[in-house]
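What follows are several structures.
One chain, chain A, appears in both complexes that follow, with chain B as partner in the first and chain C in the second.
Presenting the complex of A and B:
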């Protein structure tokens, strides 16, 4: 059984200008250990599709099964818990918590899961070492560069060993050197931790590193 | 430290200006509340202490027909054993007999109606009377010659009498006898209540008994309970434990309902002012909380996306508001109690028209604040409560926040 399975997922937004179909009947699946990029131009529905897979937004039609659980049917409260236990997120704008240090940000999800301080600090430090930021463990986000913040965000997403990580345009705000470093780190962690990565991107550098590419156009998956 | 408390504490430092404005609003609200209420309750306390504690008694024992006429003819026979038993009661701070009546006092061409009051100085708190003495002394009054008398300051003024002057007293004595004799002005008194100061003439108890012919009689016995605030209950319980035939036990609230009503009416005015203050402060607090919610909306969304449950986020915002409220309340308490303590040591004495207006209403124009901590706790709880109430807005925003930012 596939890790993630999408069946005829449709997402329509209502606006004053009328209905906008952001995702239009997407059906696909993702296996464990994938390093996949959903690609396409701005407005093609990449983020909407990623949000639907991550349980951040509910589709109007279709089913999304993760490890056999149809998350579309989960109640809001259960969906939050499902995300906490099973999904890691990396956002375009890093979204670290400003009042927590890099170490605390990395261990944030583990703390919400009730993991002991000793255990989460050890795991967070291990990941900060992996992303090359062990020496910045006690710095707050405003003391880190954009690239460093995104590396902490990746470490945070990996900390709880989620079933997969959704990364929405993770390199959009990074320079080329930071982008290369981040991709190297994610690729290495994918190899080492066997974590599934699903990106949405239109960055050619990310596309070049992806092992599977899903092109999206007008909310529909197209063949390469 | 739990995650919510740690984040709430650190969030205070993120927007220091907002945190400072919120804490300052709480601090100033509490400062003014403590100041206004302490002065108000202090004035009432001072009035009750002087009028009730000093002259009428928190609890009074008298013949059941003594009130409201205060007729000397229904005075009670002295009962020293009963008085000792009452004095020894653990709930009683003091028990002192009094004898009072009305008389006409004359000095040269001036005359005035006075209420003479016989006081057993040996049993009474000497500090109370010493602090009320403006001129003269208590301890050097002669046992021979005219009866020494200490006049309320306005009574002395209306009689144009000075210390050492001789007065003529004439009035009704005990059970048909005539009370008439000479009196020697031994001092003038500030009793803390202008109405009392216009009419009271204090005498030694034995002199009052001799003047009125009520030998071996008490008009009333004034009892001060250990807890004067519980006078009503004390009157009821003490009357059971120390019964006296034909006597009735009354608390000051029963005997002086007009004083209690005047205090309640004035107190209500103060509460209205505080209510307006709290309404204004509440809007200020709500404003800062709306700012907080707007600044954090994106962050709330992001944390919900990561898997933070809404009650956890709400708890964080609530804790943050609580910390700001407690911080402001601590500052407000320090400021309020500091100023109140200063005025407790150096009470404000009003002058001019305001003083006159107060005196006409029977209030001494002095503002001694109450040092009662319950004022601080009550209003501290109110301002912290208002802060928490204002925090309901960001909590509402947390619960309305989606998991994605559109």
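Presenting the complex of A and C:
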């Protein structure tokens, strides 16, 4: 069974100008250990699709099964818990908590899961080492560069050992050196920890490194 | 995390915490000030004419008849004199009478007093504005309130006639010379209350016989007394009640009069009251004051609560993106709610102890130095108060104030928390 299975997912946004179909009948699946990029121009529905997979947005039609659970049917409360337990998120704008140190940010999801401080600090430190930021563990986000913040965000997403990580344009705000470093780290983690990564991107550098490419156009998968 | 969040905008938080501290300080100081003022007024009224405690016979308590004398007065006085808390005693006779002058008549409450004892307990008997207080024990002297004298158009050395029923039920009239006018705490008292020597009125009433003549205080309807601290009265009264001799040991007033003989037979017990029972309105004034002060404090804190609510709303507006992220990664609504409530409570409670300490400190200092009000001496004197007011510390209010802060800040957290809970993670994260 595939890790993630999408069946005819449709997402329509209603606005005063009329309805916009952001995702239009997408059916695909993702296997464990994938390093996949959903690619396409701005407004093609990448982020909407990613939000739907991540349970942040409910599709109007279709099913999304993760490990056999149809998350479309989950109640709001259960969906929040499902996200907490099974999905890691990396956002375009890093979205670290400014009052927490890199170590605390990395361990934050574990804290929400109720993991003891000792355990989460150990795991967070291990991940900060993996992303090359062990020496910045006690710095707050405003003391880190954009690339470093995004590495902390990746470490945070990985901390709870989620089933997969959704990264929405993770390199959009990074220079090429930081992008390379981040991609190296994610590729290494994908290799070593078998972590599944799904990106949405239009960054050629990311596309070049992806092992599977899903081109999206006007809300539909092309070239399949 | 809640505590660190507060310090994202240090100046804003300092202003909120400072205003909370200031509000609590002002409220606590106001409470101490008003309590001090009220206590001073109460003590002044107690000094003036209420006294701190009063003993009567149960019969007098049930119906204040002239016959209802205290049945074993020497023992009562002896017991009071043994009590270290009691500083002065004043036995009194109390009669209803009509007073007449050449130009008018009025109902009056006649106090038959033993002058020195009366003056030791009551200020009204000491504040003689014209003439003197009563002198010789059996003289035909009378002291009126200024207001009554004005109404009856009498002056010093004028004659007035008191008409009253004696113990035999006969209507009796007696002539008195005005020797002094007193300045009472209220016009109402000045209009009705007047003083004559107890010995004189007791004789006229037919209360004395030869066996009583040797005593310092032969008869009384009331024994009023002063204690060291009128606010520590309950133990004093309880202590007096415990003394068996007061209730069980009977010393009877001998009398030829039939009604007193009846009193002898039924060995009436005594009633001891403290000032709150003698003058319930003074006790109520304390309670009303306490409740009003808490009401004022609630209003002050309510204003604070709106400030805090505003601050929290701003904080949430600024952090929309971050709150969206928290929800996206899996922070549930309960945790988010508690985060906002915790931030609000911390913001409030950071100011509370500062306000309490400042308030307590200010009260502790001013309770020793006093605060003198300039230009309102006359108004204060009308209430029987000095121009220097001594606020008092009010630790009994600190817990209710803390409780109020807790409740109001919790309530002020609800709206911002609700706002936060209603955020949609995706839309919130789009906010720049």
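Here is the rule we use: the second predicted complex is superposed on the first by the 223 of 224 C-alpha atoms of A that agree within 3 Å, B and C clash if a C-alpha of one lies under 4 Å from a C-alpha of the other, contacts with A are read in each partner's own complex, and residues count from 1 in each chain.
Everything below uses one rule, namely that a contact is a pair of C-beta atoms (placed from the backbone, for glycine too) under 8 Å apart; a residue touches a chain by one contact, two chains touch by 3 or more.
Because the structure is a prediction, the values reported are computed rather than measured.
Because the two structures share chain A, they can be overlaid on it, and in that overlay chain B clashes with chain C.
In the superposed pair of complexes, A:221 makes contact with neither chain B nor chain C.
Legend: residue contacts after superposition of the two complexes on their common chain; A:131 is shown touching neither chain B nor chain C. Contacts of A:102 after superposition: neither chain B nor chain C is touched.
Comparing the two complexes, residues 51, 54, 56-57, 77, 80-81, 83-85, 87, 89, 91, 95, 97-100, 108-109, 112 of chain A contact chain B in one case and chain C in the other.
Per the touch definition, chain A reaches chain B in the complex via residues 51, 54-57, 77, 79-81, 83-85, 87, 89, 91, 95, 97-100, 108-109, 111-112.
Residues of chain A touching chain C in their complex: 51, 54, 56-57, 77, 80-81, 83-85, 87, 89, 91, 93, 95, 97-100, 108-109, 112, 156. The part of chain C that touches chain A in the complex is made up of residues 1, 4-5, 7-8, 321-322, 325-333, 335, 425-426, 429. Interface residues of chain B facing chain A in the complex, by the touch rule stated above, are 3, 7, 10-11, 13-14, 299, 302-310, 312, 402-404.
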